[in-house]
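Beneath this line is the structure, given in structure tokens, with notes to follow.
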Amino acid sequence: MQVDLSKITKQGRAMFLAYDQGMEHGPEKDFDDENVDPQKILEIAEEGQFTGVIFQKGIAEKYYDPKINKVPLIVKLNGKTGLRADLDEPYSPPLCSVEEAIGLGASAVGYTIYVGSQFEGKMMQEFSVIEQEAEERNLPVVAWMYPRGQAVAGKENSREILAHAARLGLELGADMVKIPYNGSKKDFEWVVKAAGKTKVVMSGGPKTETREEFLKIVKDVLSVGAVGVAVGRNIWQDGEPLEISRKLAKIVFL
Amino acid sequence: MQVDLSKITKQGRAMFLAYDQGMEHGPEKDFDDENVDPQKILEIAEEGQFTGVIFQKGIAEKYYDPKINKVPLIVKLNGKTGLRADLDEPYSPPLCSVEEAIGLGASAVGYTIYVGSQFEGKMMQEFSVIEQEAEERNLPVVAWMYPRGQAVAGKENSREILAHAARLGLELGADMVKIPYNGSKKDFEWVVKAAGKTKVVMSGGPKTETREEFLKIVKDVLSVGAVGVAVGRNIWQDGEPLEISRKLAKIVFL
Amino acid sequence: MQVDLSKITKQGRAMFLAYDQGMEHGPEKDFDDENVDPQKILEIAEEGQFTGVIFQKGIAEKYYDPKINKVPLIVKLNGKTGLRADLDEPYSPPLCSVEEAIGLGASAVGYTIYVGSQFEGKMMQEFSVIEQEAEERNLPVVAWMYPRGQAVAGKENSREILAHAARLGLELGADMVKIPYNGSKKDFEWVVKAAGKTKVVMSGGPKTETREEFLKIVKDVLSVGAVGVAVGRNIWQDGEPLEISRKLAKIVFL
Amino acid sequence: MQVDLSKITKQGRAMFLAYDQGMEHGPEKDFDDENVDPQKILEIAEEGQFTGVIFQKGIAEKYYDPKINKVPLIVKLNGKTGLRADLDEPYSPPLCSVEEAIGLGASAVGYTIYVGSQFEGKMMQEFSVIEQEAEERNLPVVAWMYPRGQAVAGKENSREILAHAARLGLELGADMVKIPYNGSKKDFEWVVKAAGKTKVVMSGGPKTETREEFLKIVKDVLSVGAVGVAVGRNIWQDGEPLEISRKLAKIVFL
Amino acid sequence: MQVDLSKITKQGRAMFLAYDQGMEHGPEKDFDDENVDPQKILEIAEEGQFTGVIFQKGIAEKYYDPKINKVPLIVKLNGKTGLRADLDEPYSPPLCSVEEAIGLGASAVGYTIYVGSQFEGKMMQEFSVIEQEAEERNLPVVAWMYPRGQAVAGKENSREILAHAARLGLELGADMVKIPYNGSKKDFEWVVKAAGKTKVVMSGGPKTETREEFLKIVKDVLSVGAVGVAVGRNIWQDGEPLEISRKLAKIVFL
């Protein structure tokens, strides 16, 4: 009944390199002359023991070759820019079909739902169609469950809302949910419980001040049941991305 | 001409265990460490003589196995979170197709229509397509007919609006309607009459203060023509869910 | 070129029993313990010489059996509740397909267009698709042409607007239009002329104070070219529905 | 590459009898006891040497017989009523498919785009689909290009806006555009130039005070490159429609 | 994995003649008696060594003959008029399908996305479908990435927003992006980097005061990695379009 997650996990653990920030934030905010180049990211993903690299379809098309690349590809199926963040409740339209993702060599697909947004229902509905299509092809679905919008303003990091987001992922049929961590192990334990048989990975978030801080957080969430982490900026904004990848891998894998 | 309801009834009576609250309310409000786990609910449904267990598709996919589980599955085809309850008139988008529900082993499907909402027409239209698809496959359709929104504010529990909701279910082709009880047997008798050949089950609602109170209500609605009850919190929030299930079954079945 | 109307007429005249009020008004307003039951209505239609009975699909599914019932069935393909009448311009979404109606044994289909409403264009467009599908199957289409909304407020019963509504029915391809009567034979004569080869039946409207009043109106509209009447409340709210039906038939048929 | 216009032209010239006013204006404004009858219009079109008669699909279905009628049929594929003219920016929804028009015996199809309206883009998009379907069947497409709405208020008859409207017709793939005349030959010459290989016919507009006025206008637009005229009220509101038709034909044809 | 661009480039360089201004601006603003004629533009494109000419489908249908014309055709698949520029955030609806463009002889297709507009997401979604269809047929997709709307007002020409626009093109799967130049070589170098393997052509923009100014700009953008230019008004508004084309070609090609 359950989709096979072995292609995007190792020892049941997930370590994903996220690189879908270019569409959302633009290059100015997150990238430098090095990490603006998807080829560099792909190399980090390959050499850094990641169990998946996350691209929008355009980057996958032009950079990822399933015959050459060994790191599993996770195609993000929806997305938006953050340009109107101050004007609209967030909505992320579908930009790639399951069929297309499979053609690009995807081992899984990703989808964002902004929990609490005015367009939450629309995203839930569009996700449900994607989920069905992926299910039929035995392709795992990872749901980015992010609390956003006026209805949850100020409560985005509360135990209540994070657990609701995780549970929503389970109820909608996600195989994995990517959830922000609010810093409380006890809360995250409840989040993991709420997700039931849907696996939980922590969303890496913005770069922490120190590596130690980041690695500590990863340890914490793993200790209360998360199966891994989807991380971007804490890797490729690091001066030595392979070194921090190695340190991360030591924590994630046994 | 009429769909066969025998798979989700016993002696013409229905006793459904509802467990779609996680999506709507989130785990914080309704769940504890025990009942947050769908497996526990499934066990109650199996052992408690229920004639149906109600899940969203995600839970059905990961927990319900038609080869093993004996309690009939009712897949809820639409849903929403309650996060924007203070901001929007309620709308519940379709999240699962009839085809998908059948693939999950469903013996019936459920659908919510918020009667009186600004989006009432949209839900009626989407329901009508679902209804046709289910009809063609001889799959019973249970309609959650809930008065909501500014147009019926303060009248949600009136005889007039409840009867209108029940009648709307009949006119739209529902095989069964799930309707809240306003405490008046006389009113509910009229509700049942308005529904005609469409069967009526009482919506269990929030947990009552005492078991007796709940069981008394069930007796009352059965005495005026309802064929049963769809109950969640009054069962799985009870300290001894199997015991209350047994007591309920004694009332529902002859 | 023209659809055959003989299945829903006798001597070129139409006498339809309308029973789609339950969805719009709810049982409270229009029904009593007797006429809340569709079976009773069907009996009146059968015995009262009606050339058609008008049901929403849900009622047709559960009560009308084409193998047993002799009165022709007219399935109303769209509908709404009136709960938000004070809040929205009226819109009636499609709730049943032509295919479905044929499966239920329909001899014709009905469709409401609220002429003047903000959603007039949407209803015209949806109607045009229905009309094409029905045309291809030689199924007559009866259009409820009702002036409504801010744009025609206070003019709903004017010769100008009623004739526009009737003409719109012709231009859209309706085989018959159901139009309210404003009490002026001269105006209705113009309405009938505006409809051209599209036949006109009078909408029965709310119950008149006396039977004589109602029968007089029917005579009047027939005398200026209407082919009949679609009547509900003036029949089934009458103390002796079969008697008033007989009186009506004497006027409608020659 | 270009669609064959010979079915709706004579000597390269077009003289169309427009009769789609009943839907837009209603019978009250434009019609009398005679011209309210589509049969009368069809007779004028047949006997008056018109190279096309313009009907909405409903009128075509009930009055036009391709086996009997010789005047080519142009089916108007979209339309609206003018009832909400004071309330909404104009939008004209599609009401008939290309397939349906062909089934009715159409030699061409017509489509209105309200240039400058809030819904301009929607109409352009819907037109583009129609245009493709007609193109594939070698059916000419005549576009009613009418400046309307707040954005062009007061400039509807300017050289700038009329030329933009004509050009838009060319860019969208119309084979012919129907454009209002602002009284300046020099401006209309530019309009014709802007339309390039897309032919231009003048929109007849409301009835002029005298026949001479109307005929003078026709001469003027032909002299600067228009290929003809689509005229309604100046013909069928004339006391002797066949006489004015003959006079018109003398000017249009060589 | 990457679409072959050789049909619309020479020596890896692109020199496109843009002529989709008639729909957006109307003839009044941009055209004179000469350049209003698409035939003239086609001749300039043929003789001026352009590697592509950009038309809306209507112009392509009536003027471009793939059997005769040698300059590659780029069909612009969406478009709008600028009439409501002061009233709405910009949105450009799809007006031509990939299938249709191929039928017209297209060697590539073009699509506008107004980055920052309220309708950005809708355009991204519609583009993504087009992109998939074109990809499957190995047809290159050129994306016009134009910052517009309240969210980016005053920042349309900033390095940050232009680089975001270019990057969005890459993430969405465009093979080429057409981007305005803000006058800073350093900024454009970053823009080109942000676009990665997606090629960048400069948008020609409004006519510069002198030819030298225009040619200097072209040199500058090529020197920092752009592969060419899509230019309209600086060519066909020039008194001697073939001469300026020759001068441009000398810079673009090696």
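As written, the chain order gives the labels A, B, C, D and E, with residue 1 at the start of each chain.
Convention: a contact is a pair of C-beta atoms (placed from the backbone, for glycine too) under 8 Å apart; a residue touches a chain by one contact, two chains touch by 3 or more.
A quick note: this is a predicted structure, and the numbers were derived from the prediction, not measured.
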| item | value |
| --- | --- |
| Smallest count of steps, each to a touching chain, taking subunit B to subunit D | 2 |
| Interface residue overlap between copies subunit C and subunit D, same or different (over half shared) | different |
| Inter-copy rotation, subunit D to subunit E, in degrees (Cα atoms; steps of 5) | 70 |
| Averaged-CA centre spacing for the pair subunit D and subunit A, given as whole angstrom | 56 |
| Geometric centre distance via CA averages, subunit E-subunit A, whole Å | 35 |
| Of all residues in subunit C, the ones touching two or more other chains | none |
| Complex interface listing, subunit A residues touching subunit B | 1-2, 115-116, 118, 120-122, 124-125, 128, 132, 135, 149-152, 159-161, 163-164, 167-174, 190, 193-194, 196-198 |
| Contact set on subunit B toward subunit A in their complex | 20, 22-23, 26-28, 31, 33, 36-38, 56-59, 61-65, 79-81, 83-84, 86-88, 91-97, 100 |
